[in-house]
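Chain IDs A, B, C and D follow the sequence of writing; residue 1 opens each chain.
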């Protein structure tokens, strides 16, 4: 193990950017956050107070130019993920990019192409899309036990991303650029689906239906606040997805992998912590209110492992190509959600 | 309340017929089982020992002719459900028929037509299809609380019937006449879906995919052992169904009704009883091994309430028309499962 | 199996008497309730409406004298349990007596003596104290698995009877004659303790402390509303008991048997049914509100099995002597609760 | 917030010492581990590899003398806790000492006296005994909600420390110097009991019984492997404790605080992570295998908050006097466990 610390720059200091900056800066022993950039002045004020000794920039390009970085964490708005990642790739920097690379699969694929090209010059360069659930201890245990064939072959993958109902109207505004609920929320489930069922497995069909139940204004952005989908793969694998922005109790991200001889479930008994209350309302527990409350540990592990991959030149746990495939599936599901059409990837003639 | 006892005949003494006979005979104070019929000799031997004082027939028609019955419980093989129900209707008898009325929606509809005609002559006649979950205390509490608008409007209905993996090969043989997994298993979920989302609600679309994962021979009967479906209704209601014959731990029949301000779940923590074991394998509980272990109480309530409806001339809790609609949806899902096609019930032009 | 029905008389038609009467009358195929007695006129009115064909008496002695009974269910107030049981014993009748036989161990023992004497004349006579938990499916599974040595030797028995807080003041009045919380509530746990650790096992010590937290008036009756106890047996077995009349959410009767290689828990996740609610309060379930809501099935089984023992001359599942021992332990715990003294049953010299 | 980092020395690099060293060194942004001491050579080898830039000493006194420390973390064997803490106090250093300060209440009290004396010279000095559960998010939520009077007044505190059965024989050896199971294991529950019921609350009585069920050799050291206790306080508060070294499934540390209008439970559904398995054994989850697997987060918070107290001169969340009181109660319980005698702290004459 080297004692050298990875010199990291953080792009974007919004909600997730702040968390990444703190995680790399304070909780990742082998990393130093040396710079951060954000066009938002209030975020720069926050940085001046909370990121001691870190050089703060208003401009991403300037940060890349003026700082001696080895790695960049891209936590900006989704619209610039691909562009900022590409610029860092060009400079030979390692990149951890927040999901998704892009809401457009072709743009996302262009990042992969650039990375593959760049590897010829910088063979040790790492570019990772930060699908945080891949770093969660429970998902990892599920994956390892299934991979060791404890429960036979996976048949049905069922997963959901279900957010607490936000009455602020944020989602309606956000939906205009988010790529839609399947690209924004379900992307995590899609990534897990590929992980558990096989990243190279060929799609046969997919289909989605949904409603705008509590945010009717989403219709105008061709989006929905509740949607369900089925996905069919070659080799006898199927998947059922659910995404929602309407949960009353909290964040309910649950996954089941039903195999031929048993099944593994992650987070089916959603709970915030170890507390249970018994009172006149019965027996109750509280739920995480948002994504980070459930996955904070996974993000810290992500920072730790990304750093280790860069310093030790080991393989990251997620392939960039798989991240692009996830975007493609998300886009196709979103299209099906709006058009109502089932999408087939195989020859229709093979139906019996 | 009358002290008169309802004179009941039971048609069929297979697994469910035996249970119905005992429930009506021993656990329903207001009913007397006076006759039972079965073409199976071993079942008649069982009846001679276990149904004391009950007249046993080999032939259903003979039972109807020779016994002074007020009501018939049809628990024969599915293939004769409709025919036996029709004969009893013609004689003005009350009928409790095991689900489904028929695996064919047109045959099922013919029973409804006959019943409607018969009501002109026997206005107090009751004909009920025995969807046992409608008599389950937990489903009823869920229904009542949602109906009282505790959680806002239902948006997503999600439900599954998942049977213990039967390695005896029974299902493969059974599938040849069962109507398929959506008609045989999911019919309960479909009935609940109609109950919770509205029996008169119009369908927009449905679609199913599945695999024959552990019973590959099912393919030959155009059936599957795992299938998932989406159903779309008018008025912003959607449903996700799962059916399986591959569960490793036991019967896992679970239902969620996700409403705009909360959700109700039934049986999400599946368990056989109140026992939990902690040993070197961790903390564990056992599951019901079959349908009856989960729903025995509901069947007893069903016998009790059907009897009360007949004696007191009150309305049964399930409309016969809804039971026929459930068969129609089951058939359509099964066709979609095999063809791979999404089925639309509305004008395609309305898609946005 | 005989088709003969056991001719049962029910003494007392209060809350539990009504339930026993209905259970034997309507849900026990092999029993006929032919008579019932109660000094309470409103209970006799209830009986006239709900126990069709049953002869109703105001006087217990008259019922015994004028009816041709084979068995009596004693469900009167505790103060007359022993007396009514003794009278029935004298007449050679089978008896199912509600717990406890008496709040005084000597009185309870006198019932055993009378029964033992009576057996010389009526060798098939059955006298059973109705500890309903012994008929509960979960407790039975726990007992069978431990008896089969699945988890090694039992070391710690931990159990509680915890009632919903009753703000009506009933308990304060009731406590004046109940024998105290350990005789009234914990008697069930004590019975289970003897069952699981060995009915013949010798006591070494016991000790209790408690408070009158929400019913301070209990102090005047030398009673408490919350109490904890430890009990020590020969052979390396210990027990911890908790009893309460202060539960906010419902009835919480839980039991753990911790053995050398594993443990069995009964009802640790207390719940009324299969419903779970997720709303702005979190995820919650309701609890049984009283004893019968948890143990209704056990009482029906009790009626069924008591009837079978009488008709088939088989052994009842609870020894009367053990029921008396339970009363003795309950009394000793209650004395310790009030005096604060630890009670030793062995030679003090054996302490190391 | 200051950017200055607290200069920390770690005494002892055994199991807990290593964890503290890493937590302070890598996960506590405001602390620098500048030195560590251990008489164990293999631990020094570990330190050379894992604590880069940290000065390693074989001798504690030498570390104190030669290093410019502000704070010491005492994680040595219990036998030297008090001595090392006293030496650091004398030098005006802040101290975080692993529990217990001593297995002897008088020695523990001498540390408090020395600290009180030292405060005259070093008024900002912090000395904290590391009861990690006080830093656990679930215990804190329980404490806050009770303190806000959400559930009325606490009446019964029930808590247990139950370790996985260790078949290596370690405990038998360890018991010779551990102070006994109530001082070693239950000290955490005792500390929580004082926290939840009131650190200044006067004791009325206590009593314990136990067995050496799986480690019979413990008898020779006057110890047991399973023990239960009752504790009685002035003001109508009672407590029930259980400690065990015999758990088959893992670490089961659970706590219930039963109040007059509701109750709070911590960790009653013990689980290692979010995974649940359904297979032929039923539905199961795994448990933490040891203390640190359950409380790792709490230890990191402890390091973070201890550091903040020292740098910002704020009050630590645990009073040293309470930690000493916990030792006294643990010793008294252990004596009662072995003698069999109940211990009274009040006037016996007050018994009614």
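Please note the rule applied: contacts are C-beta pairs under 8 Å (C-beta built on N, C-alpha and C of every residue); 3 or more make two chains touch, one makes a residue touch a chain.
These numbers come from a predicted model, not from an experiment.
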Any chains in contact with both chain C and chain D? A, B
Relative to chain C, which chain has the most distant C-alpha mean position? A
Could you please state the distance in Å, as a whole number, between where the Cα atoms of chain B are centred and where those of chain D are centred? 57
Separation of chain B from chain C, taking each centre as the mean of its C-alpha atoms, in whole Å: 39
Please set out, as single numbers or ranges, the residues of chain D touching at least two other chains. 151, 247-249, 261-263, 268-269, 278-280
List of chain D residues in touch with chain B within their complex: 247-250, 252, 270-271, 278-287
In the complex, chain A touches chain D at residues 1, 3, 25-27, 29, 49, 52-53, 136-138, 141-142, 145, 150-151, 261-269, 273-280
Residue numbers on chain B that touch chain A, as the complex places them: 151, 153, 155-156, 158, 205, 207-214, 219, 222, 226-230, 232, 236-238, 240, 242, 244, 246-249, 258, 260-263, 268-269, 338-342, 344, 348, 351-352
